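A, B, C and D are the chain letters, set down in written order, and residue numbers restart from 1 in every chain.
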């Protein structure tokens, strides 16, 4: 397959994590967490991450998803507590890249790892826009010096 | 970003396509089709593809998703008719790779392209299993000789 | 139970019907259409009904749901074609009442019947508002004289 | 409208409540919690209620939904914490009735009240079945003597 495996930093290097619950109906007839639900878990984790940074006004994300890469490592289940790790691994002028890891709390098992590229979006005018300077600085403050935001392309 | 863009064959080389509808509630508060819904559209397209091949018994997929790569090209909307192209681009002994393209019918605009790797799954015993010979032969029959299933890794 | 059964007119008296598809993932681990999906099917049917009347501007409903009553008659399934009947059974100044029936196309089996009360909503100001005169007249035109909109409370 | 308002006991008389979260994507383009999501919240609350009673084996509900009645009292939002109250208000031989109330934790505002009738279901044979004696006794133990399960029809 031409798609490379998502590159997610080791858990020890990720400082942000959030507890979420999968719902009973998130499990499909194959008795695993339906694949689309992982996209929703990443979105919930982004929501928690950017809320904590004070970057969301009335629930509005200042970006849209441009690209994702997801690796399903173990079958998930509905009705379980999970911890989702989030790291912003690159910040550019118009986009940034994040990495995610979903781990079941009870068993410690990693269900899924993923990367996503987010592009700046102006909800007012419904079009792409550069990431604001405040947005970039907030992310750098939370990600600290353990990550070099200029290293990636 | 470390994730490569999904490699989807040109539309002219893809023989399977299915008409689907996005739902009104698939659109989120950013007034675009929520990103998780694309995973559901790919799943619906897989369902139509494997149903046509007669490979689904009572709605059961004989595989699980192992990996996906999705490129969002234009903002989608709810309540619209879309055409989803599906091609199996590689068939191995335990997994196969598919490519997808979502196009809005009314405008002809491509909203999304993606790749997915599927691994054989035995629903009876809830574990991974090789793809059956019948499964492999059916796919080769529908994909014809325009694609070389042995070329990819 | 204190809840009365929804009163849905016989199919022969309902003039509007729309074909919809349930999705593979709409089926839950009990192997039936998840109950929440019926709410989405009614919403899709409302969307088709009011779109046909020309009453929706850029996907926006000029009302909110105030109350529903749903009777589940037979287990539904994912990946099936259904026909949903819609009738507006009462139009008032601030709200109207609709009735719905979901029937599987292949078997003719009725899965579900429901009623819903919709109250006028001004999306601009995010608050309740009377139903517009145009809205009321459009509904009366489609429902014809077979129904007396002044009979109900 | 022919549908009566759901009869939900006062909060002071309900002993079971569970904290749940609405998701960002649960909010629709009208900027309110989509109506179908309430059905999912009630389902999650049932899941917590019957899990606590030890009545669920591997996530399987021993009943199906037969009827619901929902009253939407205030617009809900995505990304919020809610408390859902659950009371079983009647237990019969083949079905039972529950009442629900959804309250936003931060504001204390009640968004929604509902009733549901559940009928016994045998997942093994995919058909209706009487509620087991164990099921009935467990519910009576949690609901205590404040409710008379023989009073309702």
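Note that a residue touches a chain if its C-beta (ideal position, glycine included) is under 8 Å from a C-beta of that chain, and two chains touch if they have at least 3 such contacts.
Predicted, not measured: the structure shown is a model, and the values here were computed from it.
At the interface between subunit A and subunit B, two copies of one sequence, more than half of the residue numbers in use appear on both sides, so the contact is built from largely the same positions.
Counted by C-beta pairs in contact, the busier of C-D and A-D is C-D. Ranked by distance of CA centroids from subunit C, the top chain is A. Subunit A and subunit C have Cα centroids lying 36 Å from one another.
Centre-to-centre spacing of subunit C and subunit D amounts to 23 Å, using the average Cα coordinate of each chain.
Taking each chain's centre as the average of its CA atoms, subunit A and subunit D sit 32 Å apart. Shown for subunit B are the residues that touch two or more other chains, namely 24-25, 27, 29, 31, 34, 36, 40, 43, 59, 78. Residues 20-21, 23-25, 27, 40, 43-44, 47, 51, 59, 77-79 of subunit B are the ones that touch subunit C when the two sit in their complex. On the side of subunit B, the complex with subunit A involves touching residues 1-7, 29-32, 34-37, 39-40, 43, 59-61, 64-72, 75, 90, 97, 115, 117, 121, 123, 126, 152-153.
The touching residues of subunit B, when paired with subunit D in their complex, are 24-25, 27-29, 31, 34, 36, 78.
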